[in-house]
Each structure stands twice: as structure tokens, then as C-alpha cells.
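Take this structure, written in C-alpha cells, and hold onto it; I'll ask about it next.
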């Protein structure tokens, strides 16, 4: 039967013991979308109108948030992150932007949460910067796509 | 033409001047979903198996994160939050959980980002606590549903 | 019947709504002890041996922690603190130090937690700075002594 | 003569150099009490009245705080914590609750402060959640009980 | 005789009591320089080479840091900032960049530290982003230029 | 041609991949000045007038800030610091104080930013504590003096 590792047998929440786990290179990749009005996406992309680079600020926010993951997620282990990158690309046809993150560490536990937090906060930052012109934006399909390293090895999301 | 308020005319990012805005009671409500395997949702709901209350920890994480919103989102104003609540309810049919938040403040700027951050972090926490048994979970449809107060007054999301 | 205000009727934890509460000057005073070996207390007090001022660093840590109270205590409201002071005095007879704090704010909710957090962290800092010579130190009797302001008015701890 | 390691010979406070210390598994255990009115303890334990689980939230707050120890305690080293657990048990006879923590890391310095901070913040959180019905609660006997690992090896508190 | 307001008569450090001070609009402006090799400045300015916008990231870091001022500076009051802007301009002749900040709040205490912290952190971020090609960069002349609001009214730096 | 390592070829800001870099002992040393009125420096140095030790608090603030460097500087890697020291010495002739820092870690990336952040924040804290009597103080010549360890080995600032 599957077990939630964050509770012990007496129901106490805990940070799982990883002191016996191997220190290996671990990588996690996540992604997500922000759906918006077409006019909003055009405003972001047209630097004449937007005046500044929304995606750049969103990337910075995602990188900074990934470093704070263990402060934000209660039972997440602190991790010394070795690398974070975010990419954000517009999809005019579907009136959305696509955010991907990749996080690398050498540690005893994975960086799935760091990758997901990076995407989530980048998405929230896009919302914040555009909400004055489009409150209806929706953050969608935030998910892990791949992880490598550690005892459980590689995991790749099944294509739907 | 719509304008992104977070950039000035020279392209400098800034925290918008709200020093002339009225201090009023402002409320924002947001929501989102976490989709998961049916077995995962059953595990969460069956305290015999889960041993602890995943939703309770997710709610706490969302409340705590909403207080950190201005540290997480680069151009967000600090705000003295007066109230935060989160509710999380399972939807067995659709194999998902539904998260809602409501945030209240008396201030010169709204609490939309605080409400959205609360939902996002609660969703990430659910992911974190269940990822050992279900890495495919997806966070979906994070969005603002309503805001009241301030110069722009009430806004309610149009039903789709 | 007494009620815990931090849960609503459905058991959701929440930050209590204080948006209707009056903004008044509120003051809270707390105190606590750190018991230690006599030799430890002498080392702290003898600047020839200690080389530095342990109490000064403990006071700074308490002041800084009181500003972080709402980040540390899950359901605590953020508050704009107007004043924090800590005093630390040695009691050679009883081989202990006595820590007191006083916190003032103008706000919609009290600063009891800020005063208690200031004392607790000052005590922990004393422990940290002396633990190399005395691991048996004990932090004791951290308590609220007085609060004023707000709807419930003045409260003074009954002498025991 | 004992020396306070956190000051150098010129009286400068410093974070002690641990770069030559061995990386070993280190464990620390701490505990403490919160004394309260019997009615308060009954309210906490009776879920019909309390509506929610005060101890669970206190445990979460203690775990999260232990991860922030080096931000809170001025001269504490940052540490990659491998495990944190808290247990809280009621003692109706003595009208108090008993909090214990255990923290594990692999590092060059111990986790005593992490264990003590976890207990202190869990105690403060219990105070916060019950203060509306019992302002007289007292936090008592926060102390280290055991530590293992590192050059100084095992230390166990002498029974009193 | 001038007095340092951050110590009381017994030498205790404290956050000065501002609970009786008037809430007014307060503005502070600060500035500073980063001196660097000419080649470094050309690299920053030439987007073909630099690939990204160093100044934009520095501005974001300064804005975010100004919101954290009271966490970073021990005796600084928490403040609800209403506005922060930073501008960064290159000065090729003198092989340096010029950073200015302006911070506005409505509060009981000024925002001088917020303006100075914003400039300092923007300067540090420029250093960080360019240190791989120029370790000799120097941060210079960080100073307050103007403040308005509050009991002491307007202050403008005398030209040298 | 020199390259800014914090941007990839597509202009995405990132935390550089250090997962393949060797873990070695790394040391960085930085320094800076705070210029002030002579009367201000005399007030700081005369404990009869100042009542407390400004430099001690500045040192503490610098140590604490160096631990937060990766939260403050957007693309800075988190690092487990092994040692931080700050020294502050008055220079009555030139009416200034001289701040030096030394930071040590065992890691995959250097601690230059930690050393520079420590000096910057110590300088800001001195400003904060004396600004009531001297708003004209200037923070000057913050720079790296030396670094050792890592692939690029030792670097020592050329004397000017």
C-alpha cells in the first residue's frame, strides 16, 4: 500500500530522514502555462507598449523562489542548488505563455519542488505584472516532466 | 492602449506609487485544482493510511505564503493582511482537490497576489506531500475569482 | 464555552479577521530566564574572559526576531512594530539571567507574540553563544506579563 | 579557562571556523513544556470544541523554524538538515503539554540550536493559538537532552 | 550633545519608539556608483555580447531588497513601502555606472535606509553578474541625497 | 571575448551550473569605508555619549547578512558558510571607519558576494545607527581584496 512519507506511524508530520541517502547529481524539470487575453500577450511582446521585459522579471522571480523552496514548502528539505534556468515562450495561437524550469543539485534528495516552485512563481509574477490590464489570466498545467538521479533513478512523464 | 503599470516610460521596473491611493477594506478570492491519481486522493482521505492531515498542512503553508507574497513577487507591495482563509475539498469523481482562498486587508493596494500565492503554495504543498506515491499530479486553473475594494471596485470573474 | 479563534467552524485554520478591529496603541511585555552553571555566568560577565558582550548580541537577536514573528508563527498577523526593547540582567545568586521585552505597535491586533518571540530568541542566542562551555543551560518561564490596548484592554499577570 | 568560541581575541563576534571539522552525522534532541489552564488543555484535546488540531500546526511551525535557525540565531552556521521530527503529548495531571524534537544532519557542526529552536517555536505557536482563552500559559524547561556526532561525541543530559 | 537614538540610557539597543510620531508621506532618495573596467561596461551595454540586461536585474534586486530592509538592518522599523524606483545609467567617460533610488511611504518613520539598501544591493548585483570578467570593480559613494516628510522635514545634501 | 556567465546564449538569466565544479575550501576578503563627521565618529567611540557599541551591532548585521546573500542577490548560489568575521576600526584622521570581512566555505562556488554583502550591510547599519546625528555619511570603496580556492585559484587585488 502506498504511504505518505511525510507522516510517521503516529501521524507526526516530519521531514523525512535523508541522512542515509546517497549524494548524487539530481535534476528536475517542470513546466506550466499562463493563459491570457490576446491583447495582453501582444502588450507583453511589444516593447514599444510594454516598455519593459515582463518575462525577464518573471524568470528572475522564479530563480529566486526556487532558492526559497524549503522556506515556503513546510516539509521540504533545504538543498544547495547548483543550477536553475527558466525559459518562457509565447504561444500567440493559443494566447498563452509556456514556462519551463530546470534545476540541478548534488544532494540527498531531489529538486522536484524547486523546479515546480520556480514555474509557479514565474507564473504568479507574470500575473502580477499584467493584472492591471487582464485580471482573468489563468495559471495552468503546472507539472513535473522529468527527474533524474537518486535511488528511484530517472522518471519521465508519460505523454498524454 | 493598455499599459503595464510596473514599468515607467523609460522601461524601469518599479513598485507603482500607491501613496495617493485610498486605504479601504480590500478582499480577493482565488482558487485552483490539484489533479491526481484516484489512489492518491483515497490515500489522502483515508486517515488510516495517510496517518496525517495533508490538507491541514497545505492550508497552513498557503496562509504562511500569503504573508510572504511581497518577498516572493518582485514588484508586489508589502501589505498588512487582516485575514486569510483557505479551504480544500476533495472531488472524487474528477480525481482532484479544489483549493479556495480569501484574503482581506485594509490598505492602498489589493490582495489579489496574496490570494493567488496562497492557492499556489497550498497546491505545491499537496504535491510535495504526495509526490512519493504520485509524481504525475498536475496543478491547474489557478485564477482570481473576485476582488472588492479600491478605486476599481468590485470585479467578478465571468463564468465560462 | 471558550473557543480557539484560529479555527473556523469547519476546522480550517485561519488568520482571524481583524479588519473591523480598531487601530490603537498596543503594548505587550514578556519575560523569561536562562539558567546556567555559575561558571558560565561569570564567564559572560567577565569581559576579560568572554572578550565580547553576549547580552548585547542576544538583545539584537530578540529585536530582529520580534520583527519576524509573523513569518515564524503560522497564524500570527503581520504587524508594523513601533518599538522593541529588551533588557537582560544577571542574577548571580540564582545562577540565571532574566530577560524582559516590551513591544509597542499601533495596529488592529496585539503584540503579545512579538514580545514572547523576542524573549525566546534572546534566550536561544544566549544558549548558542555559551553552549561550547555549558550544554545544560535551561530556558525557563517564558511568559506574558502585561498587555494594554485593544478591545480587551489591559491585562496584568496575577502574581503567583 | 572556558572560552566563548563566538568571540575572537579582539572581541569580534564571529561564526566560528568549521571548515576543518569533519562532516559526520549529527543528531540533537531537545524538549520543553507549555503549562496552561486545565480548561485550555481540554479545549485543545476535544476536537468538538477546538475544531482543529493545535498540536499539528505547532509541529509544522517547529519544523519550519528549525530550517530557519541560522537566520534567527546570529552566529549559528547554516546547516543542511536531513531530518526533523517533533512530538507533542498532553499531560492532563500536570496541566501541561510536553514537546520533544529530534534533528539530524550531516555537517561540520551540530544541530543543537535547530532542535531547541524547533521546540521553542512549537511552544510559541501553541501559545498563539490558545492565547485568546488563556493568556497565563508559561513556556518552561526548554533544554537539550542529547547530542551525538562530531569531535565532542555523545552528550547526554544528566538526570536531575 | 548629539545622541544615538538606537541606545537607551542603560546602553540597551532598541527600536526607537515611533508610536507617537505622525503618519505622513515620506520620500528618500539615494545614489551610488559602481566603477569597473571599460571593457566590462562595454560588455554590459552591448547586448550582442552580454546576451541579457544586467541593469534590469540589478534594479529588480534593489527593489526587492528595499522591501527587506527591516529584516537586514537590525534596528530599522518595518515600513509599508508605497513606491520604489531605481535608475541605472552608464558613464563611459568615467567607466562607471550611476545608480539612483527613490522610495516613498506613508508612515511614522523615514525610508532613508530603504533607499540606501536599494542602491547597495543593486550595486552588489552588478558586481555579482560581472565578477567573472572583472573582480576589481568598486562600489563607491553610496549616500542619501534628499529626504522629505516627518517632523524634521526636508533635508537636501549639500553639494560638495 | 569576455562573457557574462549569468546569461545563457538565448539571454535567459540563470544560476550557472556548478554541479561539476570541485568542492574546495574557498576564502574571500572584502573591505569598505564609512565617511562621517568627526563629531559622529567621536560620539561612536565615546561610550559615555554613545551608550552602546555601534560597531558590535554592525558586525552582527554583517555576519547575518552574509548568510542571506543568496536570498538578496538574484543569481547567487546558496552556500554553506563555514566562517565569517568582520572587523571595524576607526580612522580619526580621515574621519572614517574601515570595515573588513573574511568569509570561508567549502563549496563549489566562491564566497566573494558573501564577503561584499557583509561589508555593505555593516556599513548600512552604521549609517542607520548614526543617521539621526549625521545624514551626510557616505559609504565608499566597497571592494574585494582577495579570494582563494576553486579553479581560478588565488586572486589578490592590485595595489593602486
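Each chain carries a letter (A, B, C, D, E and F) given by its place in the written order, and its residues are counted from 1.
Operating definition for what follows: a contact is a pair of C-beta atoms (placed from the backbone, for glycine too) under 8 Å apart; a residue touches a chain by one contact, two chains touch by 3 or more.
Given the structure is predicted, the values throughout are model-derived calculations rather than measurements.
J.: Under the document's definition of touching, what chains do chain A and chain D have as common neighbours?
T.: Shared contacts of chain A and chain D: B, F.
J.: Which pair in C-F, B-E or A-E has the same interface as A-D, with over half of the contact pairs matching by residue number?
T.: Comparing each option in C-F, B-E or A-E with A-D, the repeat is B-E.
J.: Could you tell me which chain lies farthest from chain A when each chain's centre is the average position of its Cα atoms?
T.: Looking at centroid distances, C is the chain farthest away.
J.: Computing the C-alpha centre of each chain, which chain sits at the greatest distance from chain F?
T.: B
J.: How many angstrom lie between the centres of chain E and chain F, each centre taken as the mean Cα position?
T.: From the centre of chain E to the centre of chain F is 15 Å.
J.: Could you please state the distance in Å, as a whole number, between where the Cα atoms of chain A are centred and where those of chain C are centred?
T.: A distance of 37 Å separates the two centres.
J.: Would you pick out the residues of chain D that each touch at least 2 other chains?
T.: 8, 10, 12-13, 52, 56-57, 60, 64, 68, 74-75, 79-80
J.: If every chain is a node and every touching pair an edge, decide which shape results: line, ring, star, complete or other.
T.: Other.
J.: Each pair of chains that touch: what are they?
T.: Touching chain pairs, listed by label, come out as A-B, A-D, A-E, A-F, B-C, B-D, B-E, C-D, C-E, C-F, D-F, E-F.
J.: Name, in rising order, each residue of chain E that touches chain A in their complex.
T.: So the residues of chain E touching chain A come out as 52-53, 56-57, 60, 64.
J.: Can you list the chain E residues touching chain B in their complex?
T.: The contact residues of chain E facing chain B are 25, 56, 59-60, 63-64, 67-68, 80-87, 104-106.
J.: Give every residue of chain D touching chain C within the complex, in rising order.
T.: 1-13, 32, 39-40, 43-44, 49-52, 54, 57, 60-61, 64-65, 68, 72-76, 112-113, 116-117, 120-121, 123-125, 127-144, 147, 155, 157-158
J.: Would you pull the chain C residues touching chain B in the complex into a rising list?
T.: Those residues of chain C that touch chain B are 8, 10, 12-19, 70-71, 74-75, 77-80, 107-108.
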